[in-house]
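Here it is, the structure in full.
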């Protein structure tokens, strides 16, 4: 059993999901003989840091993220802070020689992502980025079908991430709506849609995109309400300065034509991170809202029986068997993070392990984002 | 009961569907007191013309399309010939003062469509174009919901027409794959997708598109096989010179951002002419493959019960009650043409009737097509 | 071209659908060289009879159903009157030696159905009963799959017909709710569900059923409102004396275990006439609400790709090609009646034609109904 | 923080799921301030017991289940052994005064379940049974909708559990197919379907059922292969002596008519544990295969927009928010067990807590099973 010390910076939702994933990794991937050990967690407010320590069984807690990186028993640092802090922490991790698991998008802006990648390109330790949607068993199965040529040459790709989190125009203004703090939907959720496209189809050659802000003002809450809270009717309105919606036609290196878009403001989709792939031998459709279901069309000799097959995630599909031995028994969102961490730990112990998303994957996404933004301004196709 | 004489030019599938639609119009829209009378039909081969006459009960038949237009009892001319003949026949109809019902796209190329529109802009008689998908009761209901503001301001529109008719690369070469005879998917099916977007959301300001030919060669059949037939293995291959696939990001005048694409070669979709509309108060999804089903999301106070409603076409929805009085009893493809002809006849008798697709609608589509082609070449956004 | 004279008795919805079906038969099944000719129609009110004559092009009209049967040019009599009149008309048809096409259930009560069958068992002319749901191309395809052994031994069958036509307890009292005029859901719609089970799986050995009236009173309308109309709040209430809902476990001769039920009062289903078939090699699901879609599961060696295939009705499936040559282009409810009549006319001209529903099919259904009613009273399994 | 010691007997799949659930309970339900502590686990093979101890962090392990019950720090005993051992262990737990969490069905036969209930009826400690499907947030939401009268009076209920685990007739014979070791589908999975019916609709008055064995023989594996393994072609065949399929019409005390069935041998359904509820104001459909999706139909004034709403599990629905704050982000099978254990611990600390499944719930199910078996033999309706 190889032990490995873990420190987690930031104990919001993502920090909790990461911590929980290390614990569940030990329960589900016991055959890997790797034992992550939760050493120390940090949060700005001492009380929240201590609560997190108790809940997840960290040995220590701190209000200083530096203390996490500095800790001699910490070999792996998980960064789940606000995006603006990512780069600074990454730099410090590199200085201290730690493995780094950073939540997407890495940095508040693409140039920070790219800098993080440049700094770690030849780094002796491993990096990991939270493109968790990749790891759904049926997405992995999709990748396998593509790699095996089961759907033939890919003609067309359709990706989207429509989240409803800011759909309500009465929901409160927060840092998320301010361009000084980062881009909008394009970094928050389009990153996932871009990574999925790159992962499944391959490199993107050029893009043609647009960014839009549909809800131009939002009410300012009294006190520090999150964007989930709703303001009262007399609240002061403040300008939204980043994108609600982003869309791009994309052309892949391999000749596939695609379209991806992301929105944070539609009513209808709930958390629709989906893709459709059309190839010369078949098609595949998947949607995170129904992450345990895949729609697969295979070209067959008997045309009368051709149709999209509705397939439920089962132990026969990649990774599912780690979680349960029962056909059609769903796994959940948290399990995606467990697989992510399993692959990260696998990579640390076996640097040749290939099915993995590190800072290079994040950098590829960042370059596509930059090209989309450029295209949005030039009104022309832009090379990635 | 107002009688009106009808002549049909071209008795292929569409000629039959039109003729059948006039007959069923009388059965289903009897309360309109309009009685179309099938006077004469034409086909190049005399035998086929006679067979059509007998089947549909035309009074006469001919091998000359001019004879149809010339016929004194013919007030309405239906044109369902190959696209290349449309314009010439239209001109002759105008000369003879006939109402004109021409199948889409009107002419083999957009400039012919535009010429047809110019010629009829101030024409005293009515024109009609076969954008039949508009007329599905649940598409009409969608239009009504939008007009009534039920889904609020429209943020985003997604349209597509994925037909599988040329998916098999072994299917025979035909005039459809030759650019001299017309464009490919862009006129054959994208026209429908564009019309639907214009009809539901409004005018398009600019586009950003691409055209692709994925199956670059097709086998030449011995004898005059249609593109449904499959060639044998030793068949000579011939270059495909028009588009298999077309895609465009579109920006509407009203601020809505959209994406539409069309393909004739994907395996998976069967006849997926679909749209998705995302608005500030809700969303709507429809797919011709399931034309009697609509997915409607309405923003509500009780968020726990919000979800896409699956609605079946029923007499409460526009036009459905003409066909049957029973909730959830499907109407079929042919009925769309009956509604189309009902509206055409209504327009003839009541020039103020507004819910209608005439040559102006076709011209609007042609302009969008031209802009997509221009953009495909310039790699830039192009104004419509 | 063989001509055959047709008379239609009763010009309500079903009379219109029948008349229309004869007309469309000629357009769609022209290659059969059979030409039904609409001779005479009858309705009690002279005005309605005349309107029907004009609309459908009958040569004559009458207010006397006897006159239809007596007419020397009438070879086929279609009976679409209220159920209580069926048997008397059938008897007269037999006397006059006419082919008989009677709407289901044939008679107001099972014993009338059985009598009609007894009278026609050795009749030299053909009979037909309106079990139209059988004729959907994808139901026909289901039958073909079963007959070819594609889903193996059938273990279990699930049929239902949930209509919403009487769901609203404010909808007016009518003869439909009175047991003197016939049974309720069991004859009105369960008949279809039973016929489907018999057609697809085979004879039923024993049943175990129940009948329920959930909405015990309904408001009486002022004037002769139909059950579609809603009564005002002060309307007098009247007892409902027949069944709103019927359910039965059924055991087939071939060992298959089944369950069928029918309701006229549920909110949710619209016109859900559906079945599910589970066999040793696969499963099939169909629902009339989406009659152009079939869900087919086939056992395969590659278990990772197994799933219900969603198949759209296409020319490759039985009968579809008569209506259009286009994959995935829906046919509608009315077309089911066209196929029904096509098979009836085929049977008349070719008595060996087997895929057919005549009075024997209706009698089999009636026997199952009788057994369900008996079981409902005895609280025991009853033989059919 | 209230600590409570836990011992787990049997470390197969269910033992692992229970152990894992206690660990995740602490992460997800931290606000409850209850801290279950894993004290000791047992397995027959020492090596497996030790492995389980290490994986889940039990303080000790043993090969003796008595040692678990005896352990002074163990307050709660989880029983996940083969069914035949349940009763003996339960008795010993009672003797030692421990809280008992036993996997369904409790005992190998209904009479054992009933005895377990009798013994614990007045027991001072709490009992719990593993009816985990109840706890899906959308099932809990269904219960809430029913309790609030949102779907009105319930007319009809349809429940099923179709698992494919024994669908392959080549899969090996095991104790599961032998009646000496217990009933077949009726206890293995029908128990869940019965519990769901009782939980959602209420007590069952009478039943009318049947049991069938469709695959009468299965191959005997060399060595101790599980029923998941496939035998080779020359394997000896052995008689299956318990039920593959069970079905019952059920009448509830409140007048609702229902039907439930369960199968272990169908190809098509994967793990289809589903229900449909039809009421005077609406309908609800749920299926475990898509456990994060609910289909809800609500009667409304605007009939044009009525349709089943497709609702994704979200924090607004019961329990979901414990797992993630994100609309439409799925939870998985394991989380159902976490909720189950959360409710068990809640019940232990607050005996008035009502939303709970203890041995009384299991006994109610057992009575229904007995009635179905009796009815299967008498061919009559049987009182529960």
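Each chain gets a letter, A, B, C and D, in the order it is written, and its residues are counted from 1.
Keep in mind that, in the parts below, a residue touches a chain if its C-beta (ideal position, glycine included) is under 8 Å from a C-beta of that chain, and two chains touch if they have at least 3 such contacts.
Everything quoted here is computed from the prediction, not taken from an experiment.
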- Message: By mean C-alpha position, what chain is farthest away from chain A?
- Response: C
- Taking contacts as defined above, which has more of them, A-D or B-D? A-D
- Distance from chain D to chain C - Cα centre to Cα centre, in angstrom: 41
- List the centre-to-centre spacing of chain A and chain D in whole Å, with centres computed as mean CA coordinates. 34
- Query: Distance-wise, how many Å sit between the C-alpha centres of chain B and chain D, to the nearest whole number?
  - Reply: 54
- Of all residues in chain D, which are in touch with two or more distinct other chains? 306, 308, 312, 314
- Item | Residue ranges of chain D in contact with chain B within the complex | 141, 294-296, 298, 303-312, 314, 316-317
- Message: Give the list of chain D residues in touch with chain A in this complex.
- Response: 13, 16-17, 19-20, 23-24, 26-27, 30, 51, 55-56, 163-165, 228, 270-272, 288-293, 312, 314, 323-335
- Item | Residue ranges of chain B touching chain A (in the complex, touch as defined) | 153, 155-156, 162, 167, 169, 208-210, 212, 214, 245, 247-249, 251, 255, 257, 259, 261, 263, 265-269, 278-283, 285, 297, 299, 306, 308, 379-381
